[in-house]
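These notes are about the structure you will find just below.
Per-chain residue numbering starts at 1, and chain names A, B, C and D are given in the order in which the chains are listed.
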Amino acid sequence: MMTREQYIESLRKLNLNVYMFGEKVANPVDDPMISPSMNSVAETYAAAEMPEYEELMTVTSSLTGEKINRFTHLHQSTEDLINKVKMQRLLGQRTASCFQRCVGLDAANAIYSTAYEIDQARGTNYLENFTNYWKRIQTEDLTVDGAMTDPKGDRSLSPSAQPDPDVYLRVVERRDDGVVVRGAKMHQTGMINSHEVVVMPTISLRPEDKDYAICFGIPTDSEGILIVYGRQSCDTRKLEDDADIDLGNKHYGGHETLVIFDDVFVPNHLIFMDGEAEFAGMMVERFAGYHRQSYGGCKVGVGDVLIGAAALASEYNGVPKASHVKDKIIEMTHLNETLYACGIACSSQGTKLPAGNYMIDLLLANVCKQNVTRFPYEIARLAEDIAGGVMVTMPAASDLRHQKIGPYIEKYMKAAAPSAEARMRIMRLIENITLGTAAVGYRTESMHGAGSPQAQRIMISRQSDLPAKVKCAKRIAGIKE
Amino acid sequence: MMTREQYIESLRKLNLNVYMFGEKVANPVDDPMISPSMNSVAETYAAAEMPEYEELMTVTSSLTGEKINRFTHLHQSTEDLINKVKMQRLLGQRTASCFQRCVGLDAANAIYSTAYEIDQARGTNYLENFTNYWKRIQTEDLTVDGAMTDPKGDRSLSPSAQPDPDVYLRVVERRDDGVVVRGAKMHQTGMINSHEVVVMPTISLRPEDKDYAICFGIPTDSEGILIVYGRQSCDTRKLEDDADIDLGNKHYGGHETLVIFDDVFVPNHLIFMDGEAEFAGMMVERFAGYHRQSYGGCKVGVGDVLIGAAALASEYNGVPKASHVKDKIIEMTHLNETLYACGIACSSQGTKLPAGNYMIDLLLANVCKQNVTRFPYEIARLAEDIAGGVMVTMPAASDLRHQKIGPYIEKYMKAAAPSAEARMRIMRLIENITLGTAAVGYRTESMHGAGSPQAQRIMISRQSDLPAKVKCAKRIAGIKE
Amino acid sequence: MMTREQYIESLRKLNLNVYMFGEKVANPVDDPMISPSMNSVAETYAAAEMPEYEELMTVTSSLTGEKINRFTHLHQSTEDLINKVKMQRLLGQRTASCFQRCVGLDAANAIYSTAYEIDQARGTNYLENFTNYWKRIQTEDLTVDGAMTDPKGDRSLSPSAQPDPDVYLRVVERRDDGVVVRGAKMHQTGMINSHEVVVMPTISLRPEDKDYAICFGIPTDSEGILIVYGRQSCDTRKLEDDADIDLGNKHYGGHETLVIFDDVFVPNHLIFMDGEAEFAGMMVERFAGYHRQSYGGCKVGVGDVLIGAAALASEYNGVPKASHVKDKIIEMTHLNETLYACGIACSSQGTKLPAGNYMIDLLLANVCKQNVTRFPYEIARLAEDIAGGVMVTMPAASDLRHQKIGPYIEKYMKAAAPSAEARMRIMRLIENITLGTAAVGYRTESMHGAGSPQAQRIMISRQSDLPAKVKCAKRIAGIKE
Amino acid sequence: MMTREQYIESLRKLNLNVYMFGEKVANPVDDPMISPSMNSVAETYAAAEMPEYEELMTVTSSLTGEKINRFTHLHQSTEDLINKVKMQRLLGQRTASCFQRCVGLDAANAIYSTAYEIDQARGTNYLENFTNYWKRIQTEDLTVDGAMTDPKGDRSLSPSAQPDPDVYLRVVERRDDGVVVRGAKMHQTGMINSHEVVVMPTISLRPEDKDYAICFGIPTDSEGILIVYGRQSCDTRKLEDDADIDLGNKHYGGHETLVIFDDVFVPNHLIFMDGEAEFAGMMVERFAGYHRQSYGGCKVGVGDVLIGAAALASEYNGVPKASHVKDKIIEMTHLNETLYACGIACSSQGTKLPAGNYMIDLLLANVCKQNVTRFPYEIARLAEDIAGGVMVTMPAASDLRHQKIGPYIEKYMKAAAPSAEARMRIMRLIENITLGTAAVGYRTESMHGAGSPQAQRIMISRQSDLPAKVKCAKRIAGIKE
């Protein structure tokens, strides 16, 4: 397993093709816009080195028998599924951000199990390809981006019926040694901090879409891959002298990218699906299911930090004992723990897949994510309530250090805090999570990550076994017709 | 284990002292006001006889090694805790009512574990008393009422400081062979259908309240016990000729009673706590914890019936495919499954108590119950939305059979249903759960059972480890002061 | 204007054809099942006699120049519209029920204005018919039922395409002196307490449905009208000896009926629309609009009683100063006043119709009603929270008077109330509004009266002028395409 | 009245003492960080010049009889109060921001009426002072900041008991010709765009706090006033080359400041209260009341833009007809119009104050603001739902223009929009209002402006006349005790 430092060094060796603000980025690892997100991923390595977290962060590989980072594990039990959620909550608490590494983990479990079932049905050899690939990921302790969402173009048309056939990623050329793919994947979280990327289809496919039924894994710096860094609220505060205070969370962050596959070659041994359109839906549903479980962990961890920050803010504001403040903290906790309960429940009710790894309960995982599209917003609202207006009307940290006006700010901004700076720091952290860089992760990604709310509603509808409920009702009501 | 029939026969042997509507009830078993609630309890016996539910409904006793009904089990694992919730959901689906038998189960697990800890601390012999008592319960497969809530009088005063010392149940006399108790227990669910009642204190107690620190189990027809049947919405529809249709749920129901202990003698061997005031809080907290878990099962089962009924109502109304109707069914399902997730999660995260039986996770169980004080109300509101106004404007079933007006009602009330009667039946079932007899269980008891919402909020606050969250926030914000 | 007593006497002269529980009702006025609802209507007469309410309850007729009850007024200003809402709130406070008389008022304003516009477009004479009719209503101070909702049959088909053409009320025969109609009207609130009924179409109609485009007013005891009384939760408590206590609201109530028009003759001078299908939508929209405004008054008044009851319950329970109780009372008040604000706003923004009477603002009236489908449910939930479980577990009043058990009930049920009876009375009132007879009005009718929630959403969508908002957004975003 | 251009020129003549990011700002008018907020205020002048808005934006002064901008008007009727709300909604639609000028308007109406009542009670001459002052404001058409919120220090102590007496603004010296004040005012919206500032106390005061009972108006560039600019989310995007696209709303914005009064001299004729502590509460309550009304206008206007933006985003995403999208737009509209209804209702129910100007209904204004602390958050959440994840993962505008990657972005980001740029613009506008600079106004100020939620709850409690409601409940329940 890699240490935190080894991980960072390993990234330096990548020759990524990254664009940001209209320019090519020479050195992503040291770029102040990108590095906080790298620190979040690095925390998944650092925590694995800490004795107190060893049991949660590491596990014995089902593929190699070696001790691996849990972020690369194929789940072997419901306990593994539960531990995944607990690990994610821990990382959320430690980064107050999106730590990005879950996507590859969720992709691996989805691809592994689907590859097995394709092989069973079609006599293909995808499981071996994937197993060999993933053994290397586990052994080298790599970070893997999971790429699913295509640009989609005209949403009323299937992939092969699009005016521009590239708006869904597809095979454009077949060679003896592999395939060439073209297209793009949107919302790629953590791509720049990843060694590898595994690409999956984004929707259920029909036979005529078989060129779109392609799944593979390749290095992130493969020829033809272009990465465009996405803007986030308050992103450039990272570049400011006073980022330490004004950013709210100096060390950790997340990032999102648009990844363009401009005729990228994929060798045969890295292909895990190619043309089996009828299995695309299974892979998507499993990936989405695992990823909807994930939110019952990571967002809860960020919620913990926000609750802690709100409690501290109330203390610094001088009103920690007001009954309405205490009640709001309780409500935040209640909502946050409800999310956690959903994450735990869908794990606890997981079942073994034919391939041998464990799948979460689909209905409960979708219920989990659906709540995640709501409660973090209410938790954030309550945090803004407790913080007070000062969160958005405060001067910059540089004003606090100004010879003339600094003393006034210290005098008038301190309230019940040990210092005006302490109060500014906690306010900026709340701002960071509710409006700033981390709000992208805590709010918008809670909404859209792993599928938009409507996607979960469709799955809830499908999984709810309504006929069985109607039967119960008829029995009670005495309806025999 | 008793069969359903044996259970009913066994109740006939009880000589209960029941009052209802200002009169003594000669034969509770055959009383049409009471018997639907008896049928609900009887279903816990009937289901245990059914092969398809055997695994869920029965379990091997940790006390006797015999196969017992799970409603009498001391939980030996988190799997047992999860199975309890699943069993409760099943019974909720089969009765659409409160089936009453959980209270004794939850009391048993709380008393058993507390008795053990009292014995450890005080050298008493309560565990043996309780174990002997409970072995008999398991072997004879009895139904046990768990009695906790006292009338409370002036809520600003402790029990011993009340103007009327009886408003909390207490020991009024000590004899060599036992004690005499006086007081009352409110909200006694299922008392008339129970063979035994176990009595517990209702709050944490201080040394001066030690006469109130009394826990015991006795037959429900013990000398001095008076039971007063509580009224429920629409209760007298049970007496009507057309109860089959107009009641909405002819077979099943619940009941609530006020139980008066008018100087009741309790022999020494049935006493499980007497005077150990400092352990009262532990017993209350554990009972409440188990019972808050329970609601993540039983109310979910009733919710299943209500969702099924709403879906059928939409079909009978002729609008099952309207997108807003489908969306409301999804929302009902989402909320219902969120409750279930909380019930499962607090079970999955349970831990072994010193006595050896398993305790649910207290924080998550309180979160579970807190959601139960909200979501069934919203599910009921959505059901009323889907049902339509006809639910509360329909004629009586007797009008449907009337020679002159019956044909008009058939003509104008049928809509898309197979018959006007079928439509009336499903509407009356929804009425039953949202406004009628079962609304007492599905709404008000969801609110107040196992403690009112504020009781859960206090527990959530206590269990939330706010300082750890503040520490996380300080670390992220860089606050060292 | 009639006094309360004259009103009741006037009802005795009606020869209504009422069925209830499978039997014909000989004397509706004195029937204990019906009379509480009559008392609610009677309160609209009684309040008009009281000097303190004279200004609100009476107004000068625009048709006759005489002083009339505002419940028969054609609104002449936005002040009139606002006063209507205030009058409704007052009556809600005085009856804690549906007082039924608004429907006719809302129908009159819709028919008057539509009749005018039909005449203008078609050269018909409906305005004169209606004006003559309504002058008599005003002068004789009659109560008028407004009948709109048809059974509807298969909702995917238009009226004339139904397998059974009678599921929408229609003209089945035309004579020189009038027409004969057949069909039924559902959910007829207060029909039995009304002297007259005005019938309107229930949806927008197309030319082929012109036999369904019929509007008229006739006496409620006209030949061929059959009225079937609808059941309500807890209805038969009205028949019990202890109705005074156990019913919760002995004096006031509402009722709903199914009204069958079995080939009823309507003379020409009482017809206000006949065949002008293209005006059906206008009439429906206006009636619904006025009636959606109404709910911003009447339900607020009932809410006032429920808030007062909850406050008193908290006092009787001994916890009026608990911060969470006070906060819940505030929340109930906040929600209730939000409804009132919507009722006032849609009135304040009313506009003059071509006929001269005033119309409410349609968008805001629909917003008002949409909130009414939500907030009373939450207010009721909070009331149940404050009341406590005792609301649904209490013995009957007859137990309180029982020689043996009565003293126990007094002892254990009194809590901080002046007497157990006082506590039972306030609990039963809360039960009445949240689960009992008045729950039909406060909950289900809040949901479905004046159109189900989805009906309001469609109107909100139509009235929201989305293109203007898109234009604002484009201007701000600098989008010129 | 000033034109938009004259207003901007007039600001250039001010010699303001502004600090931002640790430096003194030489020229606030042309500073790109400040000027968008100036444009918002300027729009209050521009709109008054537009014939289509003349009736709404201008009015005849009650003081001078001249035509004035309504932003300087003393309300003379409920129609004036309603027109104020409509004017605010218009400006919200035109700026999608806080346009800042309401504070002075609300302060003027509060001070005018309070000054009158102080004079009546104390024989002082404040009304004349204020009238003279305000005639000049009206005639010269000035923008006035209203300053209320003090830093407050230890919230458990009254102003005069604070360790640092300056944490509430106070008189530190009295001279023959005036007074000297010291302290600070927080959250000063629009200070830098204002010609004058009127200062009021922030809470009810007791006799010992009379040095804090000070109210006056002075130029914003008075000697001793220091203004420190507050940071906002995404503020520095205003400095970027691509602000036109990436900022989301290039032209308009708001700003907040901390204003320090470092021994500022106030001449006698500009003092409107000095020492009449018992009137501080009246002034605060009235200002807060007017300002809580204001939010029922301005935030609704911003909401209109956000609804329009979401609708356009759904079109550009290619899913404008999905039923769930349409339903979310309806919900946003419903919530937004509920806020408007509250703004209208509290205006419609306004009453004449002793001074002759009109006051809003206090209960309904507090209900209005309480809803504003909730619904904009839900509207924002729904907008984020409709926008999709692309809102926070999109590249910068500079990437779109990049020679190499620009074409890829055009290809993959366009979806159903006329161009990728158009889609980016609408997404950035939604980001601006939900996460960016305008989120400060639309979210946090909706929460805390005019008092935090708890402040409204206290007022709702005070204004709700609970005893009258209890009386209603007792009458219905038949409780005579």
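Note that a contact is a pair of C-beta atoms (placed from the backbone, for glycine too) under 8 Å apart; a residue touches a chain by one contact, two chains touch by 3 or more.
Quick caveat: nothing in here was measured; it's all calculated off a predicted structure.
Visitor: Applying the document's contact definition, name the chain pair with more C-beta pairs in contact, A-D or A-C.
Guide: The greater number of contacts lies at A-D.
Visitor: Quick one: which of B-D, C-D or B-C reuses the A-B interface, over half of the residue-numbered contact pairs in common?
Guide: So the equivalent interface, with over half the same contact pairs, is C-D.
Visitor: Report the inter-centroid distance (CA atoms only) between subunit A and subunit D in whole Å.
Guide: Centres of subunit A and subunit D (C-alpha means) sit 38 Å apart.
Visitor: I'd like to verify one number: the distance from the centre of subunit C to the centre of subunit D, where each centre is the average of its C-alpha atoms, in whole angstrom.
Guide: Result: the chain centres lie 40 Å from each other.
Visitor: Counting in whole Å, what is the centre-to-centre distance of subunit A and subunit C, each centre being its mean C-alpha position?
Guide: Going by mean C-alpha positions, subunit A sits 52 Å from subunit C.
Visitor: Which residue numbers or ranges of subunit B touch two or more of the other chains?
Guide: 324, 327, 457, in rising order.
Visitor: Show me the residue ranges of subunit D that touch subunit B in the complex, using the header's touch definition.
Guide: Spelled out, the residues of subunit D in touch with subunit B are 323-324, 327.
Visitor: Of all residues in subunit B, which touch subunit A in the complex?
Guide: Subunit B residues touching subunit A: 82, 93-96, 244-245, 248-252, 304-309, 311-312, 326-327, 329-330, 333-334, 337-338, 340-342, 344-349, 363-364, 367-368, 370-371, 418-419, 422, 425-426, 428-429, 457, 460-461, 464, 466, 468-479, 481.
Visitor: Quick check: in the complex, which residue numbers of subunit A touch subunit D?
Guide: Against subunit D, subunit A makes touches at 19-23, 149, 151-156, 164, 166-167, 184, 186-188, 226, 228-234, 236-237, 240, 246, 256-258, 260, 262, 317-319, 322, 324, 373-374, 377-378, 381, 384-385, 388-396, 398-399, 401-402, 404-405, 408-409, 411-413, 415-416, 431, 435-436, 439-440, 443-445, 447-449, 452-454, 457.
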